[in-house]
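Multiple structures are listed underneath, in structure tokens.
Two complexes follow with chain A in common, the first pairing it with chain B and the second with chain C.
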Partner chain A sequence: MNKHTPISIHFIAVAVLACVLPVALQSPILAAEVLIFALAAIGCNLLLGYTGLLPFGQALFFGAGAYAASLSAIHWQSSMLPCLLFAILAGGLLAIAVGYLSIRRQGIYFVMLTLAFGQLGYFIAYLAEGITGGEDGLLDVPRAALDLWIVPAISLDSDWAFYGWVALVFVVSFISLQRLVDSPLGSVLQAIKQNEQRAIAIGYQVRFYKIAVFAFSGIVTALAGALYAMLLNFAPLSNIDIETSEVIIFMCVLGGLGSLYGSIVGAGVYLVASEMLSDIWPRWMLLLGLLMIFVMLFARGGLWLGLKLLWQGVKGYGQDKKVKKVEVSHD
Partner chain B sequence: MNMFLFEVMNGVALGMIYFLMAAGLTIIFGMMNFVNFAHGALYAVGAYLCFQVIDWSGNFWLGLIVAPILVGLLALVLERTLIRHLYSFDHPTQILITMGVMLVIREVILLIWGTVPKPVSPPDILTGVMVMGDFVYPYYRMFVIAVTAIIGLGLWLMLERTRFGIMIRAGSENSKMVSLLGLNSNLLFSVTFVLGVALAGLGGALISPIRGADAFMGVEALGIAFVVVVIGGMGSFPGALAGALVVGLVQSLSAGFWPEGTNIMIYAVMAMIILLRPNGLFGRT
Partner chain C sequence: MIEPILEVKSLSKRYGDFYANRNVDLKVMADTVHAVIGPNGAGKTTLFNCLAGAVATSDGHIFFEENEITGEAEHARPVLGIGRSFQITSLFPGLSVLENLRLAGQALKPAQGLVFWHPVPHDCPDIFHAHEVLERMGMQHLAQKEAETLSHGQQRMLEIGMALMARPRLLLLDEPTSGMGVDDIPQVISLIKKLREICTILLIEHNVGLVAEVCDRVTVLQNGEVIADGTPGEVAANEKVKLAYLGEAL
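And then the complex of A and B:
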């Protein structure tokens, strides 16, 4: 448990990562994609890994963010910050509404409610052709310029400039959310995950906390969706479909539940694997499925836990590498 | 008027296939409190095995009978190796692990049979259409309705009238009590899982001459099956039948004028039922 890791260490870690990533992947676009989906996976992790709620409709917030940012960029020629603000508002408000309704039920019923709201969003986006472009999606989404009023506007049209912006947003969001999960609110979320009845008995307003975590999840997921639309210059309908929800869950679980770093690893491994393996062996998802089963059965900490064990082994502390069942560890 | 009747019949045929899927899901859920997200993938396996057996033997009937049995065997292996360890887990964990199983099954299907869906033709005796006055309807769909009705009736009789049925109902009421009373609940769980999954396999085999065998057919079917089960009440057998017929009819009746609207309605109804009547229309309170 490195629960008391100072925030400055986290800052250095993700800042270094954000600098190294595009060089290591040799592509600012792929690197931006990794950071964007890492944000989405973190949004899922807040609910699944920290609070124990499995959300099956995260694509709703992702798609809403993409549409909100794209529409304000296309129709109002908004600059970058207002675009992201609209996305955050859309994602946050939707998440509060979905959360408010979904948390009334538990287990499979909760999952089905989030799925139902996700599907409703999908079909509404599909039907509202005049606004969302329906099946064709929104084309020609501009990368809005960064206009800070005091200095001249900075164009983000080049891939490297845009990556720089994505990295900045990522680092700021990551640090804020790491602060959040380390805060007393984060501890209450884990109390809810471990034993909800007990958290209620202690006197916490569990419903309030669940709605709050939904709002944070919706905000960060919508932010990811908005950046993704600008990265692609395109907001496709598939942003909001069930497959996107599944991919976000896969990344989150694969990387490791209950660790924000895990979500970065999960998103990175998933995207890089699909980039590299889909040409060599199109059936690479078979391995993903097996890995999912293994992680859920034996190592909830996921790949991030694996990396940590490896690191400890390298440092000579992990004499006993045969640790099979390891408890979920929280960063 | 005849167009209307045609759509009603289509709705019933579709609903009966959903019923086979949903009945399997609901029996498994009722008995073991287990949520099986791999159900749709196993339904697709049923369709592919039906295709394969017909391809080898040239006999449709053999395919229709052998495919569900093979799917049942696969379910037995799955239950013995993996699934039985999951009954005590919470729903999110069960869902995430069976999602992994779903991925593995889907990718294995694509490995074996390739990415192009396989067409399956109905047997000669069932090709063509039935003409009654000015009402025209394909024989094969009539056959689907008849077979699923017989299977449904058989299941109902089994659940209500046989000793095994009593065990299943008792098990879904209180599985701990059943094992305390001296029944081998492990065996009972295995049999229930195999039965439920074999029903999905049969659904896949039956629908293959209509829709072909497609590795991704399970995704949509799983979504619909869950909607059906939730509407009818998780764990309720009559609920699965009623829910399936309602969903099938609504889908085919509105297919003509507003197909996307149907899906909005179905999911909205599901959300409302969960919120207002969480045990579904037929569920126990």
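And then the complex of A and C:
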């Protein structure tokens, strides 16, 4: 998959993935969790992998999405689409505010600002017991039905139906964001990542673009948070804590920066490993830590790039002679 | 008499008590090649940064085509018609040469940078223009190469090419030959001769041969102040300039 891969190929790839995943994992719940966290990791990737901004407070958007959707489902009995719309609004607006203030500083100060905003959000959620349930979280979050007005409402109470909905949201979001990173806006983000000073000097109002990418990141992360709350029927306080921010960054970096597919791989490996290993050994996180160290030292492009190189190696081994011939004819 | 395209009136730039530029007056006439020279630390690059908007001026005024631009943001100046290159090569290293140029062209149409729903078109005017610029520099064959894989000389040329994508009416070149081997310098000289047909050029340069060959006018800075201004011949004969370059040893 590279820059010139047509969008239809991306569509087929993720649609097939979404169909195969629950069968391969033998659990629609785990599969839904993978796709949800893949969305969150993609939100992080937009900032870190494509724009070069390390966000340490993504849980703020994740948690905000979870609370916004849960509250509207509990108090207003909203159906699915309005719930997600509230989540998107909450995440997007918060991200614009956090982005607007954080990008005034660069490097480590930027990271610390996002961390501080994340912590601020955590303690507000912790203290606002009346709204968020405080330490207990919001219990009994219903899975809002999918009500499209024209057709009868579709209940998403069964795990398979809910997975189907998550998969649909995932595919649509993925395709839209793949479009975004290949678009003129995406090319400006690349430029900012590569050389911010030069991007300004040739005429880009870099601050504006950074706020825009924050908004997209906040939206997709909040969407993930909202779906997660409905998957669990519960919006725990931990959605908005620093560990969730860490997990999101971890998945994003582990899978590979600068590729949306990497984020799926990162979320998948993390969640499947935790599912399989946590029964065997309570300290399974240690193994993931070792994997991360390995990736950082020997496969810095992340698991996705590692897989790609492996595939090219296998392919190249068979096609070595062919490739050489083609090169000669090009010259 | 031709008009000044750029006029700087008693510009000063202070860092604390230190004056990097003090009361600099400068007139750059349209369709000329104008050099700013001076010993290291004379404030040449600071002056350039003020002109390009990368640092705020402490005092004084800058007029471009008779409009005051002193307070304009850095990112707004390419749109006004001022392009710049950097002394230390500053490219998008991981992107192709063509993409480096295309991005510089796209920057002038801020609305286009907001498009997030369709891919970058293959046949947009910026890409045609990028090919034109590459042709002018004799670098067409490098279009698809990543910028970081180019030789230093080629990177310096791309550096200028990116400034050209803005179709600037005033081009600021900060030491275009910096770090170049002697063999590459004639290429830069011939490029500057070609470029003067399409825009006014203000450059900082240490290479005396280049200055004497291509420049119509030279301004000499020392310790942040203008000490001489004239044709290359006049400046070379100026006693103050000789002293500035050779120091108190004389």
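Annotations for the structure displayed:
Rule of thumb we're sticking to: the second predicted complex is superposed on the first by the 309 of 331 C-alpha atoms of A that agree within 3 Å, B and C clash if a C-alpha of one lies under 4 Å from a C-alpha of the other, contacts with A are read in each partner's own complex, and residues count from 1 in each chain.
Convention: contacts are C-beta pairs under 8 Å (C-beta built on N, C-alpha and C of every residue); 3 or more make two chains touch, one makes a residue touch a chain.
What you see is a predicted model; the values in this text were computed from it and never measured.
Contacts of A:R283 after superposition on the shared chain: chain B is touched, whereas chain C is not. In the superposed pair of complexes, A:L180 makes contact with chain C only, with no contact to chain B. Contacts of A:A116 after superposition: chain B is touched, whereas chain C is not reached.
Once chain A of one complex is fitted onto chain A of the other, the partner contacts of A:L260 are absent, as it touches neither chain B nor chain C.
When the two structures are aligned on the shared chain, A:G107 is found in touch with chain B, with no touch to chain C.
Put chain B and chain C next to each other and count what each touches on chain A; the higher total goes to B. Within the superposed three-chain model, A:L60 lies out of touch with both chain B and chain C [touch as defined at top]. In the superposition on chain A, none of the residues of chain A is touched both by chain B in one structure and by chain C in the other. Considering their complex, residues 52, 54, 73-79, 84, 86, 90-95, 99, 102-104, 106-108, 110, 112-120, 162-163, 165-166 of chain C touch chain A.
Taken together, the chain A residues at the contact with chain C in this complex read 7, 176, 179-180, 182-188, 190-191, 194-195, 197-206, 209, 212, 216.
By the touch criterion stated above, chain A contacts chain B in their complex at residues 48, 52-54, 101, 104-105, 107-109, 111-113, 115-117, 119-120, 123-124, 126-127, 242, 246, 249, 253, 282-283, 285-286, 288-293, 296-297. Across the complex, chain A is touched by residues 29, 35, 82, 85, 90-93, 95-97, 99-104, 106-108, 110-111, 115, 219, 223, 226, 230, 234, 260-261, 263-264, 267-268, 270-271, 274-275, 278 of chain B.
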